[in-house]
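Each structure below appears as structure tokens.
First subunit A sits with subunit B, and in the next complex the same chain sits with subunit C.
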Partner chain A sequence: MTSFQREFRFLLALWKANLLAAMEYRGAFLLQVVGMILNNAIYFVFWILFFQRFQQVRGWKLDDMLLLFSVVATGFGLATFFFGNAVSLCEVITEGRLDYYLSLPRPVLMHVLASGSVASGMGDFTYGLLSFVVAGHFGIDAIGRFLLGSFLAIIVFLAVLVIAHSTAFWLGNANVLAAQVTNAMITFALYPITLFDGTAKFLLFTLLPAAFVGAVPAEFVRAFSWRVLGQMLGATLIFLVLALVIFHRGLRHYESGSAIQTQV
Partner chain B sequence: MSAITVRNLHKTFQAKHKAAGLQGSLRALWKPEWQMVEAVRDLSFDMEDGELLGFIGPNGAGKSTTIKILTGILHPTGGDVSVLGYVPWQQRRDLAYQIGSVFGQRPQLWYHLPAIDTFYLFGKIYELDDKTIRQRIGFLTEAFEIQDLLETPVRKLSLGQRMRCEVAASLLHKPRLILLDEPSIGLDVVAKQRIRDTIKRMNEVENVGVLLTSHDAGDIEALCKRVIIVNHGQIIYQDKVSALKRSYLTSKQVDVRYAQPLPDNFQVAGAEILKAGQYGIKLRFDTRITPVEAVLTQLATAGELVDVTISDPSLEEVIRTIYQQADASPARRAANGEVARERV
Partner chain C sequence: MSKYWAVFKTQLLNNFAYAGDLAAGSVMIVLFLWIFAQLWKVTYSAVGTERIAGLSRQDTLWYLMLAEVIVLSKPRLARTIAQQVRDGSVAYLLNKPYHFLLYQCSVGLGDSVLRIVTNTLMGGAVVWLLVGPPPNPQGWPLVFVTVVLAWLLDFCITAMIGLAAFITEEVRAFEWIYQKILFILGGLLIPLDFYPSWLQTIAKATPFAYTLYGPARLFVEPSLLRFGEVVLGQVVWLAILAGLLTFFYQRGVTRLAINGG
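Presenting the complex of A and B:
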């Protein structure tokens, strides 16, 4: 068995454990899923009202917004459902909870990220699928592009969260910074990229790469382009490598802790 | 063969030092003061394969830090460590297949799931095939008497029940060595004894080496053949538990009860009176200065004896004596004054 197969089997086992833990509280799980679908739908109503009045904003129409929401919600939803500890990694670091993962023979980052699940992520994912269906791109190639675009968006999302949360290795308490980065990624990813010019646009492709979890994959789903595909693959690779390097550099600074803990 | 070799191990943490109150916080914001805390200082020791070694010390002595370095969780500031031939912080994953660890304050069982689910997850973590993990769970379930607990969510188990499942989980992959950090913390006497018994049994049956840290001397007395005592990050004593008792059990305590009231100001030459009542007395004496016979003779002539109890000090008291001696030593006092503090 190859190393990739071994790690993937382990990943499946972790997801199964997460699913079993979620099923212990079925009511709460379903409530969070339905709540998130409604939350996203209500938010999108404002865009429907907007486009009824203005038809388009700098070239973006309602159909483009549906694709944008489908990619962002699917990417963020799957990222937080299958790698739920990505949104609380800095607490895992500062509370010394990495001890558990470091004492077991598995890749630490993958193990810690996949050991938690955010139930509302399933709501985001469901909403993303609904949004894609409503957008009406039913061709096999469009579905393939949607799957690839969402997959790369998941990786960029996770990489940015890991980078932001890993600052906890040096700063100690990085909760606020990490929360701001997470919110900024989601907020800016959900606006038409054409609204931004100059420095703002540059930042959305570099320091806060919201464009790579929203506008760029949405553009790719709309129509195939080698240029866009190259951009997505390049950005995914760069942010993935950056996340791995920063996290593992940070591990050398890890100071553990004596807080009483629970493996949820 | 050595399972663990530690040479000149050092671990220093940087801790922010801040005076109390708002003024202190504002000053720390402007000019932070950092204090270098030496959690482990020049630690050297060996542990043999299959040995039961106790590693004890008070809170903050450096026990957990040492265990975390030995498992590869922490990188040391200096020194050399070999655990089963691996350098822990460089070969963490290879080492993890060979060792198990239990941290009393850091559960590894998933809180919302029954222990059996975590056991199967551990099977995947350690890459055990389905048949092997089933056999191993069967064996450990019987050894730890946890058949009735396996299918109950961990959050509903008592602390003692959970700890038995925790130790069983750490042995699923048949490790050659387990590192137990305060496994009996918070347990009542019955639960403590059950944990001790099962650990001892696994050592006998599978020859698994056990490095046990605790600040409960009872754990060490019940389990370990050899003990290392640390304080302030340094080893202050290491020898067999029996030798520890022999070297430090130099005093005896005697409780006596009489049929008639004792005279006022009753004294026993060569002994210190700890407590005196109308019909009884409790005293302590150093056997190197005052022979047991001399004390008993004086007590017997004082009146008609109803009951006499002669006891050794507990291991707790022995260890407390060692801590106090180490703290009072000139080297220790000098070290306390040498805490490096620098302004960054």
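Presenting the complex of A and C:
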């Protein structure tokens, strides 16, 4: 068995354990899933009302917003459902809970991220699928582009979260910074990119790459383009490498009080 | 009342210890208002008129500023109460010589005051920079009264959601749904005046409109008549919601089962 296969099996085992843990509280899990679907659907009413009155925003119409929400919700939902600790990584670092992961012969980052699951992520994912269906792009090629776009969005989203949370290695308490980055990523990803010009647009493609978890994959789902595909692949690679480098550089600064911990 | 005043003051002082965090938290209002400013700049320019449904771009942005201040300054009361019910710590609050709901109200107010101040300063600065000065300051005292009543309306609803933990334990889903209904029917993301007339009629009759739209609309177009209408609606809804909250609280306490402690 190759190293990749071994790690992938381990990842599957973690996901299975997370799912079984969630099923222990089935009622609460389903409530969160259904609640999140309703939450997103009610929020989308804003755009329905907006476009009913104003028809378009610099070329963006309701159909574009459906695709945008489908990609963002799917990406964010799957990222937080399968790699739930990505939203609380800085707490794991500052509370010294990395000790547990460091003592095991597994890739530390993958292990820590996949050891948690956010139940409402399944609700986001389901909403993303529903939004894609309502957008009405039923061709095999569109579905393929949706899967690829969402997959790359997951990686960019996780990479940005890892970078933001890894600042805890140097700053100590990075909760506020990490929370702001997460909120900003989601907020900017859910608006038409055509609203932003100049510096703002540049920032959304670089420092805070919300465009790569929203507008760019949504554009790719709408119509195939080598240019957009190249942009997505390039950005995904860059942010993935950056996240890995920053996290592993941070590990060298990691300190803990060697507290006794129980991993549940 | 002095004990509730003491709880409020203590909570307020606690928050002063985290003034830096509060200021950092205000980054969100800057972000939202900046995005709204871009959205409405493009929209007003596309429509090609100075006013939409009687509101200029400047009015719309100041309206959104106040609505955002109200929403972003709310304490996470539902989650706190639900947590207290789940982990049993509610038992330590119930046997104290104060009313549980009034205690929560004092704590929540103490948590909100500084947030309201920082969010207003940050949000106001951004909007002023982007679209010009705020509306007539003569209306501000009236707006302040409606913001306080709006806070109480929201308290009643979020406390009821928190008390739902007596039955369901998990209340986050209810919190999300309430928040989004408040966004839409309260007019947080878009003034209710821009809605189709049938939806305006429905939305304006709900407590959500009296929580956000009422104070925010009064802020950009202050008048005694509008103030009277808003306060009347708020008081009526407050009476209904406070009655419901008291009823649910009494029912919830009778269901409470604490094991050990």
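Methods note: the second predicted complex is superposed on the first by the 258 of 264 C-alpha atoms of A that agree within 3 Å, B and C clash if a C-alpha of one lies under 4 Å from a C-alpha of the other, contacts with A are read in each partner's own complex, and residues count from 1 in each chain.
Just so it is clear, contacts are C-beta pairs under 8 Å (C-beta built on N, C-alpha and C of every residue); 3 or more make two chains touch, one makes a residue touch a chain.
As the structure is a prediction and not an experimental result, all values here were calculated from the model.
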{"item": "Partner chain(s) touched by A:T206 [first = subunit B, second = subunit C, both, neither]", "value": "neither"}
{"item": "Subunit B versus subunit C as contact partner of A:R6, first or second or both or neither", "value": "first"}
{"item": "Partner chain(s) touched by A:L14 [first = subunit B, second = subunit C, both, neither]", "value": "first"}
{"item": "Touching partner for A:N183 - first (subunit B), second (subunit C), both, neither", "value": "second"}
{"item": "Partner chain in contact with A:V57 - subunit B first, subunit C second, else both or neither", "value": "second"}
{"item": "Intersection of the subunit A residues that touch subunit B with those that touch subunit C", "value": "25"}
{"item": "Touching residues (chain side subunit A, partner subunit B) in the complex", "value": "6, 9-10, 13-14, 17, 20-21, 24-25, 96-100, 102-106, 252, 254-256, 258-264"}
{"item": "Subunit A-touching residues of subunit B, taken from the complex the two chains share", "value": "13, 64-65, 68, 71-75, 92-94, 96-97, 101, 103, 105-113, 117-118, 120-121, 124-127, 153"}
{"item": "Subunit A partner contacts - residues on subunit C that touch it in the complex", "value": "21, 24-25, 27-28, 31-32, 35, 38-39, 42-43, 46-47, 168-170, 172-174, 176-177, 179-181, 183-184, 189-190, 194-196, 199"}
{"item": "Complex interface listing, subunit A residues touching subunit C", "value": "25, 27-28, 31-32, 34-36, 38-39, 42-43, 45-46, 49-50, 52-54, 56-58, 120, 176-177, 180, 183-184, 187-188, 191, 194-196, 200"}
